[in-house]
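Going by the order they are written in, the chains are A, B, C and D; count residues from 1 in each one.
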Amino acid sequence: MSPTDVKPEAAPADMITLPEKVEMKKTREGFGRALVDLGEQDPRIVVLVGDLKESTMVHFFAQRFPERFIQVGIAEQNMMCISAGLAAMGKIPFLATYGAFASCRSADQMRVTVAYSNLNVKIGGAHGGISVGPDGATHQAMEEISIVRSIPNMSIIVPCDFWETYKATIAAAKHDGPVYLRFGREDVPVVTDKDTPFTFGKGEVFAEGTDLSIIACGVMVYEALRARETLATQGISARVVDLHTPKPLDRALIERCARETGAIVTAEEHQVNGGLGGAVSEVVVQTAPVPMELVAVLDRFGQSGKPAELMDAFGLRAKDIVAAAERVMQRKRSRA
Amino acid sequence: MTLNTLSANDISVGHAPGRLAWPVEMLKAKALHIRRDIITLLAKAQSGHSGGPLSSTDFGTALFFHELNVDPTNPRWPERDFWHFSIGHVTPVIYSLMAERGYFPLKDLMKFRSFDGHLQGHPSKHDTPGIEVSAGSLGQGLSVCCGVAMASRFDQHPRRIYCVMGDGEQEEGQIWESSMFAAHYKLDTLCGIIDYNRKQIDGDVEDVIGIKPLADKWRAFNWNVIEVDGHDIPQILAAFAAAREHKGQPTVILAHTIMGQGVSFMADDYRWHGKPPRMDEAEVALKELGTSYAEWSARLLAN
Amino acid sequence: MSPTDVKPEAAPADMITLPEKVEMKKTREGFGRALVDLGEQDPRIVVLVGDLKESTMVHFFAQRFPERFIQVGIAEQNMMCISAGLAAMGKIPFLATYGAFASCRSADQMRVTVAYSNLNVKIGGAHGGISVGPDGATHQAMEEISIVRSIPNMSIIVPCDFWETYKATIAAAKHDGPVYLRFGREDVPVVTDKDTPFTFGKGEVFAEGTDLSIIACGVMVYEALRARETLATQGISARVVDLHTPKPLDRALIERCARETGAIVTAEEHQVNGGLGGAVSEVVVQTAPVPMELVAVLDRFGQSGKPAELMDAFGLRAKDIVAAAERVMQRKRSRA
Amino acid sequence: MTLNTLSANDISVGHAPGRLAWPVEMLKAKALHIRRDIITLLAKAQSGHSGGPLSSTDFGTALFFHELNVDPTNPRWPERDFWHFSIGHVTPVIYSLMAERGYFPLKDLMKFRSFDGHLQGHPSKHDTPGIEVSAGSLGQGLSVCCGVAMASRFDQHPRRIYCVMGDGEQEEGQIWESSMFAAHYKLDTLCGIIDYNRKQIDGDVEDVIGIKPLADKWRAFNWNVIEVDGHDIPQILAAFAAAREHKGQPTVILAHTIMGQGVSFMADDYRWHGKPPRMDEAEVALKELGTSYAEWSARLLAN
């Protein structure tokens, strides 16, 4: 679906309006496809994997460009530093593994060798979020935003769907410096299309609203759009912002949301401590303090289950955003 | 295969506390039951790993039903031996071994990886009685076992410590950190077992990142190395016995195995590393293993 | 010095009042001394080190209890998991290395093996902060709060001086669960004494004030107390809170500060993204949104230099807190 | 020691671009200068590491003034060989080698670790021209060099890659990850050099965590191993030559050295790992090295 296929009803200016039934597609496939297209355009693109070729969908690249594909085996520390060496010689390496290992197993290597050297390494962290499902807590990466955001020179993008992951991957290649890309495992709703604008480091207002702003990243952008529909039926006008790049952070847009709508709900499939909600909180208190509610994983480990069950159980649904919006509206009203 | 020494309904005999020291034929019968458990629980969950659990079944059975001194109803019994699977992804075999040994009811296996069960995709101390340390990120387990061995030494407790590792897992540097540590401190109560099935997720270990000559590596790290056919129970028992006798060095058993062993269409095929059989495939597999999904799931649910 | 030695002038109720000249002592020595005392009391205490016996000051313990001391060599991943194994068998292991390595090199081990298992492992992270000095950026750990805070089951304490590090170490041993202790390298002002209250998970109001609250941890508590003196001369009454435990966070105290003083400055020797300032921001926007300013390292790597030079250059001095307080007061006034 | 082939004022001769291939006597003379530089800059900074830099001086000098094909005035010259010290803490020898080779003025050494200099405590790409990748956390450098070797292979560039490691550093698991990788990909352009000085921060390596038999370990990881006296320049040059000739495997040179070599009161004493000489100690050391602080700091400041 694309904005042009669908006649927007509620808010004519909205960039995104969801049809009733939305196409489902894996974000990681956007990563895998973009790598192939990048490989066609730029001989400096090199892809590395830590024994997870298909899960991370770098097998597309491996098939097309076997001579520029490096299997590193189960050695994430090594992979991070090999990428640094490749970047030092002018290559543009993309490494791929699960986000839990990309962000934690090679954190020191990311900090010292990659980030401190400011080398042009791109880190593909697959299987972010509780929606990873049956593999359970160890494989459900939910700390990446906090970790990566704390390291100087690093950037992190958390795209919302297949197309945005595709664009984020292309944008990461164009950006000169280390970038962490976080994407998920499951099929998730495709809310953008090929032509939806995407700018590295800039949030995108997907739908206008005046009473509060829902600032989301990853699959929670879809849930936010759905929450907005419900809120509209209650007479609450919610702006939905796709803040796909927790770092560098679009501080101006966050401040604008705080000032214009006076209340903010953040939504992320990530630990509540130091994630997107934390990043937005930091800007809000420093610019325009307004009530906020944070929809996120409440400082607990994940567990096995079906992705949908877990999204429900961990409070990461449109209805949870709606409830948070109601709370924040009440707080906003009681201040006025 | 023969069940003449242990029928499918002889369940409680495997629950006795202490070191069972079962004879070979009983172990073989139990290993068959474990393989049936693995296929059945995977078919039910439609999620999880087939290959490694099946390659680990025979030495796993020998470990649980011959070698280990444990009390399943009192998992933290102070006198216990310590066991740990560093390859957390082989939960189908871990949980089957635990359930057959009496840590929890067999019927729990039918809730593998399910939201309302206690059997997580990877071993979770928080969820499952008898899991002492969570796992799932490769390369960490041998270090954990070094810690257990040091604690036992401090307490002057003779407990033995068994750590199951993968061959792909040997690519993780932490394995070699813990290997060096264990040899330095002469942790001879520690016995590593490597499921040397020559496969990992992306293919043959030697194609991904070769680990040969693996025995030489461990020897150069000052370990006592024993190589066995990991599907030959007498050889495995002999290796355990030799490890017990060996003093002044930790022992590692290179268990040469076949990924997916016991199920013809899974055997030696890396594509079975991380996926479960579809229900129709499970039926074929269970037929090869002498049972059916209906029969075996009924046994699990009833116990 | 102790509160009883000094006659408080400005605010009779203050817990801490600084004399003109303050004794200087290393926080890491508080760690090292406490380990010995713990060792005397509890045979379960075991200490591990990664080839940094004297820098982390665990040599005191090693001398006193050689039979309970484990040299792990340069293998931080191994050390974290060995500690897990010891804890699984009922020991109370304290591991020691530089914070850069404790938090990053063994982050995956901390997450999966220690925190997910909720094992009773205590992590001593030495050399936190820019004040590490001449060793430079790689050795100046400034991401620990963000990283540790994001991992469920983990706690983190950032004590302000020798005595508080001593007490934090004791408190960590008493707490059942994994705890990260962050302390520094240099001699720093001793602002508390043996009897100053310390409760794990509770902040301490070191000095009362009504116009704003300065919430600090680590060596910045001293700077905050000095800033308060300067602010007092400008007629601004600043409360100083020692928030030594960024996790579990004393949310009630933060909310109280926001409500009672209407403005907050946080101060930490740590990256600005996701640290103490981030933790406080998250609470403030969710309870009582008020203007805040964050004094911290502004998302840049450290560098070599003398500790004092670096504290100046990185804006981590009383004067920087004063400037932040002036900014926040102006924002507070313009809202009223 | 003799300076008859290279006086202390023959500075620019060391700055020529390309592979210098200096003869042994000139290398010995330069190594003496480097040792004087190390002591002088440490005495000035009153911070930094003495032991490892002095044990690495001889092979470091052979590397920079005989073996490496580099252009110091154009550090990113596309034809360059690649060198990297994985032991980032030995900056005193790294910076001395770089300055003597012409990467930056000798006088910069007098601002080692100072706030207003560009010579960080550990190598920083951001600060120092010629440092290609930052370092300071042990165990990471050989992986970096693997990446450089792969990039060079992709570009069909024959550049050689040299990585200096420590012996204590061998305890880091990542060393063995990169070791396995390099052998798997037969990175024969890669040459590791281990400063085997038998010491690390907390004492003797064999007391901390033993790494013996180190040559066997590297051989079991499929490397070509050459052992040399790391203070014998002809042996070092022969090893470099043999490494160049050896095809199909990476080569590691175990350079048996003495921590603190060249200064009597530092030699073989682990307590000199991480501290600088006091000024009075530096004078004694510099006297043993045939100069004085006044003389040598003047040379540095003038160039």
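In this section, contacts are C-beta pairs under 8 Å (C-beta built on N, C-alpha and C of every residue); 3 or more make two chains touch, one makes a residue touch a chain.
Here the structure is a predicted model, which means the values were calculated and not measured.
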Third chains touching both subunit D and subunit A: B, C
Rounded Å distance between subunit B and subunit C, as computed from the means of their C-alpha atoms: 43
CA centroid of subunit A to CA centroid of subunit B, Å: 37
Whole-Å separation of chain centres (CA-atom averages), subunit A against subunit C: 31
Contacts with 2+ other chains: residues of subunit B: 124, 126, 134-137, 139, 171-174, 177, 180-181, 184, 209
For subunit A, residues that touch 2 or more chains besides their own: 72-73, 75, 77-78, 100-101, 104-105, 108, 111-112, 116, 137-138, 301
Touch-based graph of the chains, sorted into line, ring, star, complete or other: complete
Subunit A residues touching subunit C - in the complex, by the definition given at the top: 100-101, 103-105, 107-108, 110-112, 115-116, 137-138, 142-143, 146-147, 149-153, 247, 264, 271-275, 277-279, 281-282, 284-286, 289-294, 299-301
Residues of subunit A touching subunit D in the complex: 46, 67-68, 70, 72-73, 75, 77-78, 80-91, 93, 108-109, 111-113, 116-119
Complex contacts: residues of subunit D adjacent to subunit B: 139, 171-177, 180-181, 183-184, 209-213, 216-217, 219-222
Complex contacts: residues of subunit D adjacent to subunit A: 82, 124-126, 132-137, 139-141, 143-152, 154-155, 173-174, 177-178, 180-181, 184
Parts of subunit A lying in touch with subunit B, wherever the complex brings them together: 49, 51-55, 71-75, 77-78, 100-101, 104-105, 133-139, 301, 303-306, 309-310, 313
